[in-house]
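Two complexes, one shared chain (subunit A), two partners (subunit B, subunit C).
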Partner chain A sequence: MAVETMTVEVATASAMGLKALGAGLAVGLTGIATAIAEMTIGPAAVGATAENKDMFGMALLFTVIPETIVIFGLVVALLLLF
Partner chain B sequence: MADVSTRLAPYVYVCTRMRVRKAKLLPREDYLRMLNMSLTEITRFIEETEYKSEIDELGSSFSGIDLVEVALSWNLAKEYQKILEITPGALHLFTQSYLRRWDIQNFLTILRGKHQGVAAGRIKEVLIPAGKLDREFLDRLLTEDSVERITEAMRGKRLYPVLERELPGALETKSFARLENELYKGFYSELLSDVKSGVKGGSVFLAYIRLEIDFMNVRNLFRLRSGAVEGDIRDLMIPDGSFSIDELQRIAVIENAGDFIDEIQKKAGLKSITGLLEDLRNHRPIHEIEIELTRFMLAEMERLSKRYPVSICPILVYLEKKKYEVQNLRALARGKESNLPAERIKSYLVV
Partner chain C sequence: MSRLLIAASKDQLEPVIRELYRSHVFHIEDFVEQKEEGYEGFRIGMPLAGADSVSRDVLRVRSMSSALGIDPGAVEAGAKTSSQTLRSRIDSEFSTLEKEIGGLNTDRNKRETTVREYEQRISELKPFASAPLDMDLYRGYDRLSVFAGHIPGDVTFTVPHEKFFTDTVPGNFLVVAVPSENRDDVEQTLLEARFQAVPIPEETGSATERVAWYTSEVTRLNAEIESISARLIEKKDAHTAFLVACDELLTAEVERSEAPLRFATTEETFVAEGWVLSEQVAELSDSLRKATGGKIFINEVEIDYDRDAIPVKYDNPAFARPTELLMDVYSRPRYRELDPTLMVSIVFPIFFGLILGDVGYGLILLLMSFGLGKLLKGEAVGQLLDTLRNASVSSIIFGILYSEFIGYALPWKPFIFSRHLNIGGHSTGHGPQVIELMIVSIWIGILHVTLGRVLGMVNARKLYHGSHATKVVIANAGWIATMWGILVMIWSMFPIPVMPDLTGFPVVALGLNAAAALGAVFVIGGIVAIGQENALELVEIPTILSHVLSYARLVAVGLSSVAIAMVVNFIAIGMLIEPQLEQFTPFGVVIIIAGLVVFLLGHLFNTALGLLGGGLHSLRLHYVEFFTKFYKGGGQKFNPFGMKRRFTED
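For the complex of A and B:
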């Protein structure tokens, strides 16, 4: 009986562990993807702003657009965990 | 990943800055508006653009056409120096090599000015210290009295071997034309050897330089034709373009204008020029042909810069377009000062 209880606990724990791992991967990988996407947008935005200060707002907007990818990852992670 | 980002980011940064600067250049409508203005109005108009600081700074020392001339030269030099400051790595190397052409122009201006006995102050007004020879060095050259002493002061510079070889002949014939040709040929051969030295991104730069050499050779062919120059023209052509020197010689001696244009059209590398050459079949003045060719060259370079958006091309296109903007403004100001009709001035503008 004791052995059976232990097995259910282990199974629950490992299911939780896998969920946590999945959530971690979802945030981590999408974070890397966002970084790659922003890698070229960032310098371009800084360059454009350096030449024309009025572009700051637009440049900032373009720079944060790839942030949506990591937000999707975060949403998936939250759905997995709760 | 860090390696990729550290290499790519500065390229993107500089190329974007160049694109924004290019977008700030004067549009066609502004030139058309300036055609109907007087010299004073033109000065006031360009004071409201990127040339403001130079016009303000020089306003107390110069006036009229001199003010425009000096302000334009200063602005161009400042712009080029600024670009050199912000370009990183291989881009800096290429830009510096490309801007060395201004050394030749400045040196020849000093040489010609001194030879004609022009005052050092007047020569200084038209110098554009955008290359390796900086303002201090050019000032030092200006203090020298004779052509020989100026040449001697260049000892140790890249131009010196060609100068040493060609100057006696130039002084004998009292013409610096051959010396100028040789200097530019030397410049292009050095440029090509820099490009082929294996620096990353060199192949795009090579394509750009080849395009420029082709256009210069074609332009020279048209010039020789309009000047009815016959005989051996091999010395006047720049090697290493799409055309070999022998091919250029063969084309130069073709008498019929139609056949002459056909021969240029046959060249695979210059396919895009076909439409333009068709247009040139009608007899037009040489300066119009040159302007058309320049316009076309700029469009081709622009196309190249779009094909390779993160390369040396956007920088070079900006350098060229800026140069022609300054030339246009100078032509406008000079034309207005000489009371030329607007239509005549317009035919000299590259817009």
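For the complex of A and C:
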């Protein structure tokens, strides 16, 4: 296997690649975290709304609270990429 | 809002109820028998005479309406009928109409049942049509057993038998007749061959003929059903106006005759308590006195703000009215609370536009709000569509500022920070200014949260009394001080674009410069101020950071929508359509069509996402980050006794 010479282009490209990887991980992992958090809130919210329609606003509110996690992931990803 | 107490003798019950119903301004507070002080001896009233016959009539009208498929909510209000004519028509036409509609409906149902039955017969007979046997030959034997059914393949039997097999029908069909003493052997063989028996229908004559007969019967019945349905539609067209008017008139009568159930009564008198808009008290009192010839006692009771459940009616300019829906979804404000509807009606569209700032998507949503407005009726739907309309106008304005049209740049440079990503190598201008945008969104967060805390102080003064109010006000000031203290400290340590740079000040103590030291004082003072109201609140301090950072979604969600739009454009135009246009081939046309499909579907998907993302995230920023700072809610809807009459008049 030939040893690749480390030119400036290769170095920038691999740095960019690692950044992209990091950004992907940031969004993906926080997405999973949000999903796990919403997994239990969602059914409870749907149940509560089915019992009492006035609960809809509150139910929606509780369901979207964990969204913040994935938004932070998205922010980190954007900061990494730009 | 004023609280009124109306008392009169029972012979005035009917005129009072009639007048209250007509004026449609009095929110009745239901009387509950709980032996309260001052209410001993009062009981819930009895319905007015004739209540049960009116209820029966309402039921009859509703059953006719449902038989004809009339939805009163969807009927356009036309000319109003007077109650007098309507009542005489109810007496003269009601029974005949009921009989006609009921008869037609029964006829149709009966035929529909028969059709279903016949269709069942046809499906049972179908397999037997392939066998050349009359249906009576399948049963009625003493010493023979007949099997009929589906089977994967032909079988041979070792016992004496008569067999018919065909593979011309789906699943094949086998009929076999054997002497009864061999029955068990044959069953065993059939079981092994995976035979599925079908029931033998109780019919006579050839199966084919029977199927033909049933089919013709079904056709005939269906034609009859068609004609009955046509007659029902005729009836519907002719009587819709009458029936919805009846429904309205009778519903009003039922509500009136059941009103005493909500009053407190004694042997000879009744007391009704409720709420009226303060400016309407004089008018209502006058009209009640006139209706009863002055034999009534009306008193304005002083309001106990802590104990009374005061109903709430919004008072907003027309522009903010659609937003009341968004407030009701969360919770209606309490009576003495600050009503943030106007604020939400301004800020919500701005947030939506910041997220979905795109002329193309904005236009699509604008057209959608108008188009759906033509199709769908109803108050809540109208409010929702008006909110969507405002949001999409804001989206178009921000699209012009961002210079975006379904992911493409418009022929000018963005007036504010650019969101043009570099996807597919078609970057224009100086690329996306993500950091600047992010910081602007943080600024919006800082200001919005500060506004929330200031409103928290205003609300505390309105809702609480004495030292409790003061404590809450100080705590809110403490939250503001803590947040700004942290901000000043950050600014004094790191230079951040689009934010003040305070790093230049001389260091005073502990490595902190003058600004940082001031910030630290703010933070400590703020924490003390928060803790004096409720020490448990201190665990909430990290939310300062998370709530403000949460506003970064204004940019993050927006950028993801821009990215999707650009990726769709790149795949559809750059990868599929453009290369084919350069070298035109017949196969290229297919690829171009595929490219168009990708383009349309992709942007459809992104419009839906943009609507959901823009709407839900803006709403959430209000509900979670903004309202939690000051808003309590829990107000009861002002629901005056009476109804808006659409089809009838006196």
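For the reader, a short list of remarks on this structure follows.
Here, the second predicted complex is superposed on the first by the 76 of 82 C-alpha atoms of A that agree within 3 Å, B and C clash if a C-alpha of one lies under 4 Å from a C-alpha of the other, contacts with A are read in each partner's own complex, and residues count from 1 in each chain.
Convention: a contact is a pair of C-beta atoms (placed from the backbone, for glycine too) under 8 Å apart; a residue touches a chain by one contact, two chains touch by 3 or more.
Quick caveat: nothing in here was measured; it's all calculated off a predicted structure.
When the shared chain is aligned, no partner comes close enough to touch A:L25: not subunit B, not subunit C. With both structures placed on the common chain, the touch criterion links A:E67 to subunit C but leaves subunit B unconnected.
In the superposition on chain A, A:A33 makes contact with neither subunit B nor subunit C. Using the contact criterion defined above for the overlaid structures, shared-chain residue A:L80 touches neither subunit B nor subunit C, since it reaches no partner. In the superposition on chain A, A:F56 contacts subunit C only, with no contact to subunit B. Of the two partners, subunit B and subunit C, it is C that touches more residues of subunit A. Remark: subunit B residues 1, 4-5, 8-10, 12-17, 20-21, 24, 310 touch subunit A in the complex.
Subunit C meets subunit A in the complex at residues 328-331, 432, 434-435, 438, 546, 549-550, 552-553, 555-557, 559-560, 616-617, 619-620, 623-624.
Considering their complex, residues 36, 39-40, 42-44, 46-48, 50-52, 55 of subunit A touch subunit B. Across the interface of their complex, subunit C is touched by residues 56-58, 60-61, 64-65, 67-68, 71-72, 74-75, 78-79, 81-82 of subunit A.
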